[in-house]
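Sending over a structure as structure tokens; questions will come in a sec.
Chain lettering (A, B, C, D, E, F, G and H) follows the sequence in which the chains are written, and residue indices restart at 1 in each chain.
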Amino acid sequence: MQNEVQFAGFGGQGIMLIGKILAHAAMEEGFEVSWVPSYGPEMRGGTAYCTVVISDQPIGSPVIKNPRHLVAMNRPSLEKFAPAVQKGGIIFINGSLISVNSGRDDVDELVVPVVEMAKELGNVKTANIIALAAFVARSGVVGIEALKGSIKEEFAQKQKLIPMNMQAVDAGIQAAKKD
Amino acid sequence: MQNEVQFAGFGGQGIMLIGKILAHAAMEEGFEVSWVPSYGPEMRGGTAYCTVVISDQPIGSPVIKNPRHLVAMNRPSLEKFAPAVQKGGIIFINGSLISVNSGRDDVDELVVPVVEMAKELGNVKTANIIALAAFVARSGVVGIEALKGSIKEEFAQKQKLIPMNMQAVDAGIQAAKKD
Amino acid sequence: MAYVYSIDIEYCKGCGLCVTVCPKKVLELESKVSSKGYFPAYRARPEDCIYCATCCRMCPDVAITIAEEKAA
Amino acid sequence: MAYVYSIDIEYCKGCGLCVTVCPKKVLELESKVSSKGYFPAYRARPEDCIYCATCCRMCPDVAITIAEEKAA
Amino acid sequence: MGKTFARPESMSLAVTHYCPGCTHGIIHRLVAEVIDELGICGRTVGIAPVGCAVLAYNYFTFDFQEAAHGRAPAMATGIKRVRPDLTVFTYQGDGDLASIGMGEIIHAANRGEKFTTIFVNNAVYGMTGGQMAPTTMPGQRTTTSPFGRNVDDVGMPIKVAELLAALQTPAYIVRQAVLKPKYIVKAKKAIKRAFQYQLDRKCFSLVEIISTCPTNWGVNPVEAITWAEEKMLPYYKLGEYKTPEDV
Amino acid sequence: MGKTFARPESMSLAVTHYCPGCTHGIIHRLVAEVIDELGICGRTVGIAPVGCAVLAYNYFTFDFQEAAHGRAPAMATGIKRVRPDLTVFTYQGDGDLASIGMGEIIHAANRGEKFTTIFVNNAVYGMTGGQMAPTTMPGQRTTTSPFGRNVDDVGMPIKVAELLAALQTPAYIVRQAVLKPKYIVKAKKAIKRAFQYQLDRKCFSLVEIISTCPTNWGVNPVEAITWAEEKMLPYYKLGEYKTPEDV
Amino acid sequence: MSKVLMKGNEAIGEAAIRSGCLNYFAYPITPQSEVAEYLARRMPEVGGVFLQGESEVAVSYMIFGAAAAGARVFTTSSSPGISLMSEGISYMAGAQCPAVFVNIMRGGPGLGGILPSQADYFQATKSLGHGDFRLLVMAPASVQEAVEMMMDAFPLAEKYRNPVMILGDGLIGQMMEPVEFPDSKKTEPLNNDAWATSGLDTRKSDTRNLVKSLFLDPEALNNNNLLLKSKYEQMKREEVRFEAYNTDSAYNVLIVSYGTMSRVCRTAIDSMKADGIEVGMIRPQTLFPFPEDQIRAAADVTHCSVVASIEMSMGQMIEDIERSVQGKKPVKWFGKCGGDVPTPEEVVA
Amino acid sequence: MSKVLMKGNEAIGEAAIRSGCLNYFAYPITPQSEVAEYLARRMPEVGGVFLQGESEVAVSYMIFGAAAAGARVFTTSSSPGISLMSEGISYMAGAQCPAVFVNIMRGGPGLGGILPSQADYFQATKSLGHGDFRLLVMAPASVQEAVEMMMDAFPLAEKYRNPVMILGDGLIGQMMEPVEFPDSKKTEPLNNDAWATSGLDTRKSDTRNLVKSLFLDPEALNNNNLLLKSKYEQMKREEVRFEAYNTDSAYNVLIVSYGTMSRVCRTAIDSMKADGIEVGMIRPQTLFPFPEDQIRAAADVTHCSVVASIEMSMGQMIEDIERSVQGKKPVKWFGKCGGDVPTPEEVVA
């Protein structure tokens, strides 16, 4: 079994970080993982993409043309990647910035207004964690406990931020249920 | 028919120049020629060698292990190259600086005290031309007229030196006859 | 003489440098993000503007222009 | 104190620099070429030598040495 | 008394790839204005560096070459020697000019090559993600000086204008800034003078420009201006370091 | 009062390959004397350049590396960073240091690398047959400036000591000569001081030495000395340009 | 040891430290600058040396100087930066100095692009500089393999007194994967008293050491070259590494591919197998020495009708494959060279 | 025109002028410094440009700048200097700029020696720098041929908008032989209005020109590489040059050799013929493109039992011969690599 998740948005939205957290959680669950960033001059242009591959077998190609799932944090990303998602996959849409949907009827679309939710939690910066949690809750690519563990490890140097992020995880899980 | 002449001595003796003059004369006579210098750090060490190949055919290897003739202007050069000279070749020895002979009995040895002769002519610097002329006269690898023409061309920018060098040629020819 | 002042939203990246240099405190940044992800500048108090072009000179993206109003 | 002055023919290249710096004009170059092709320096007037080592200091080839004479 | 203001003609209509508030854009505009004012767009060749300005050619309308990292002065030399009638300028960052390209700029300046260098000193390697530059300030944190530049270990920041002014060949060497409109006006004057010396076939000319890199300094554009004014200007003093008339 | 004089121990017994009257030999001897006097032969690593001194290692008795043309300062940096306990010096000609190796010497000096450079300025490329160097005098004929160095075309000779002294990092930078015994004495003092700064782990040190190349100047050794004194010394002024205490 | 999730570039830096190399000199260049950024923090922690050089040319000589003084040392760069090191690498090979050079390749020629590429194959395997010499070149296909090759690289460099190159594409540096640093691969530098310029006082031998590549005497230079040649022949005998995939099937096509590209091929092979098409693969792990015999043997079986060189370049490794196959089977090339890694779908096609 | 006796290096300089190239930038290095010394006098006479750059790195970019501005331009150097130009040459190939680079090879690796060598074969033919590109490489065997190849090099560089290399050994530069400068080879530079940065005012087109090798978009970079590849394929079709010697005999051995080495082989072949032994030779005049088909054909005849690569290197061209011969005949190497040119006697042995 292999899962591929494409994360996409613009710089500053914490795209690379949530990809890494997911990869880390999957690794802790014993899976093989690869986290592949896009890098380069886009940095300056403002886009940020990464792909996470999770598998119970050694991973062949880390370069994925048709990912199973997509987490789209802004509109250009949704437009760019939605058509490539595999049938039956999940497309997560950041409802706060994206007013359209994927136009696909063969996927599971999950729209969450993460920016507003993050603001409610008191820190706009947790929007990415809400998105990740919602996606994980819906897809089950990793368990919630592994996800939380991975987030805690990521913020190990900034203990203060952990409770807030745990709240964000819970908010994400709730949102995934609601939609 | 191919003739190869090895010229050897130390820096400042005008070795490269007489090799070039010979090559030029041969070219003017319609031969194929190659003039191959040794170059490199020996320069600083003080040795100077060059090889002239003269042929009526396109010249194959310009690198000669066993030259037909040798013009040795100092003792180390004689010792280094004499054993390699082809049987029946000419070994010219600068008698002013070399008190021994080649130790070969299968070659034509020609010893000329060119430095003293040049002093007599009033210019020590013509010793090399005397040596060349003597060698040419003895070997006949090129004609004397061609040799003279080539020397004149070499000194075209320094006309004043030409008469002196013509005298040197004559002196060389005489010496070749004498020895 | 009348002037036409404009900030081109295609160029403005919301850096805020124009805001800080305007001698008349005319400029502010939008509070809503543009589709490019920026909060562009705008003249919050155009009536105070003296068309000194200080903001233009400072703008790294040549987003601000001031033209003479053409007689209609 | 007595000194032993020597110019090593193996090292001397006949550059003449020692000749020019000797305050007592002690040194000259040989008129005969060595087997290496040089005209080495020698003390033409050793009696004038004050063993100041100026020549040694100038010699680029460390050809000149001055030692104290050993009691026999 | 109002003023009009429009995009210079030598500047293209492209939106730059520079980060918000990055002063590269201001410097580009000044160069374009000067080229317009001198009317030399049709005989100018620009040389883009390797650095954030690697795509500079997209923002101008005249001929351009793209150099390798640090080698723009050698390229400019090549052009000027075979085409002295062209106006040539290099546009270089501090990593480009003062680190890998130190040999090339010194020798071009010393030969008195008749081109102009616009030298953008933002105290960091912008393009590659904020590594330490030869111009990074003492104590400044960068990705390769994570504990701050330690001058005991890697020396003091290089003052390029002063260094080049120490050469004997006549040249026009000046340092300006683009941190505020008052500096920008002076910077433009310096750029114009630099090009004028070239047009007069007089000498090599270089304008060092104190600049910002909000992204890699980890501050917002407005804070970046303040930091540059407070930290950089006292060390990198503005002014003319050499004019060809000096000698 | 007489003096004794003997070959220094750090110097090998080999006959050098240098031309008669070439001052490289004098400088070699001074370095060896200083190393003997400081008693550091066993922990010294020399770096030979590419130039006439390429075989310098044959004339010393301690460890040596051979650099590529111009890169000795980078090699020295490599050694000193991994083995700060070693004493390291580079021995470089003017083509090597001031032309191809300009970037390396400036950056090593600016980082304050704790090694010593012996810089032999003979105003020409000796090894390769007398081409123009950055230090060639105005009007001086060389094989690549056959009509004399034209400063309008290729600029003024580079004054390396002055240029390096313009950097901000503390250093010991001095210029001496070996044209006569009186200069030689001072040159040796400078070399010793340079090594001492290194032993004290204080700073980078460089001794520029005005030297001769009779062969490529086309004069005899004695004339070469006169030419250097008359033509070079007025331009390349002897003296200390910087000491670490200055700053 | 448990696994950690690390970016290839950082894992490469850590692997060097774990294998006992505490000296690093480098110049930033995408896509490998993270090695320097990682080591700028890490080296002070372990008492090692970190220095950002002023250029790649200078860095190559810092490496040379440090290696010649007897230190374990390495650098990392990417394509244009490696070109600038070519003179220095040639000097090191000529002077027989060990060190490790990592090239995280990007698109070329020229400034090219910064995305993954394998277009420096020729440079790495044939001629990183002038003169007759070779590098031992290893090509990792995963972050874990990059770590292991790094840790092996130092003792290999010392065994042969020759530079070793790790040749990865941009993805190897940029990708994060779980890694382990095997303690068993930690090694001690070989005793180098016999040749390193470590200062007479600090070693047992009392003859001075000289590190150089100049041999003015033609005989001596020829001998040095023969000595180098004999080392490369020894590498060919002792250091060939490769991995075979699906070669126990009755494959009709034999793929030769390395690095990230070979992983794409593996996925393609799996998917073709699912469709009933058998394709075998030899993945060279050392590019020099090249697994010539193994490829020839694998091509020479009757069920194999064609050999395919699949590279992120315009066809470089194909020349070594052609040499290896000796005309026994046709050799075809498939590749891309702009920074996009060809997808398994494209490989299949 | 009558013949003049000239040193190879001087003849190379003069040939450039005679073929219409009046721009030269270089840095001195043995054994080719005489080119610069000659042109330092000659260029002012013909109103050309002579500049001694501060280093080979800088020179390569002076060449790049001048070529990109539309000028005919060339440089000369020797092995280590060529290594330093490798980044620049890669940039020029990527940006499609024509120019001529002459490498008068000396012994390597490293500082090596200054005597003749052919050890930069790989570098010249496979990878003078990073990325996928090739130089058109011509290898003269006499001073006259050096002159002719120089004169052909400029139009070829312009035809392909690609750097061309003349690869000679130290002897080609140092030797004096009679030469003629054929007027027929004088050419005019191709019109380059379409791409050269010559200033908008001075050309007909009114779109600005941009010379660059950066293609951030992977598709664009791939396309640039495909374009380059197509040029190299065209060279393979149109530019192969070689000379066959004694191949009408029933040779048992086929020698492949180039440059000065091939002349030594010719003498050896003659002397063996005198002894009744027939040996044939193919002398590649272009090393890239390599006369693959011709060598294969010559090896494939029944009377030929072995192919010998005779090089002044430790075995580089042999790899191209092996590829060409495709296993049809065994390929052996003979060479020397210290600066001594092997003598005919050694070749025979």
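The criterion applied here is as follows: a contact is a pair of C-beta atoms (placed from the backbone, for glycine too) under 8 Å apart; a residue touches a chain by one contact, two chains touch by 3 or more.
From a predicted model like this one, the values you see are computed outputs, not experimental measurements.
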item: Intersection of contact partners for chain C and chain G; value: A, E
item: Path length in the contact graph (chain D to chain E, fewest steps); value: 2
item: Between chain F and chain G, centroid-to-centroid distance (C-alpha), Å; value: 39
item: Intercentroid distance (Cα basis), chain F paired with chain A, Å; value: 62
item: Geometric centre distance via CA averages, chain G-chain A, whole Å; value: 35
item: Junction residues of chain D - those touching two or more other chains; value: none
item: Overlap residues in chain E, where contacts from two or more other chains coincide; value: 18-19, 54-55, 66, 68, 99-100, 102-103, 107, 129, 134, 154
item: Contacts with two or more other chains, residues of chain A listed in rising order; value: 40-41
item: Residue numbers on chain G that touch chain E, as the complex places them; value: 27-30, 33, 36-37, 40-41, 44, 51-52, 54-56, 80, 110-111
item: List of chain E residues in touch with chain G within their complex; value: 50, 54, 66, 68-70, 95, 99-100, 102, 125, 127-129, 131-132, 134, 143-147, 154
item: Residues of chain F touching chain D in the complex; value: 2-7, 11, 15-16, 18-26, 29, 180-181, 184-185, 214, 220-222, 225
item: Sites on chain H touched by chain E in the complex; value: 23, 25, 49, 51, 53-55, 57-71, 73, 87-88, 91, 95, 197-202, 208-214
item: Chain G-touching residues of chain H, taken from the complex the two chains share; value: 57, 79-80, 82-84, 86-87, 90-95, 105, 107-115, 117, 119-120, 122-123, 126-127, 129-133, 212-226, 228-229, 313-316, 319, 322-323, 326-328, 336-340
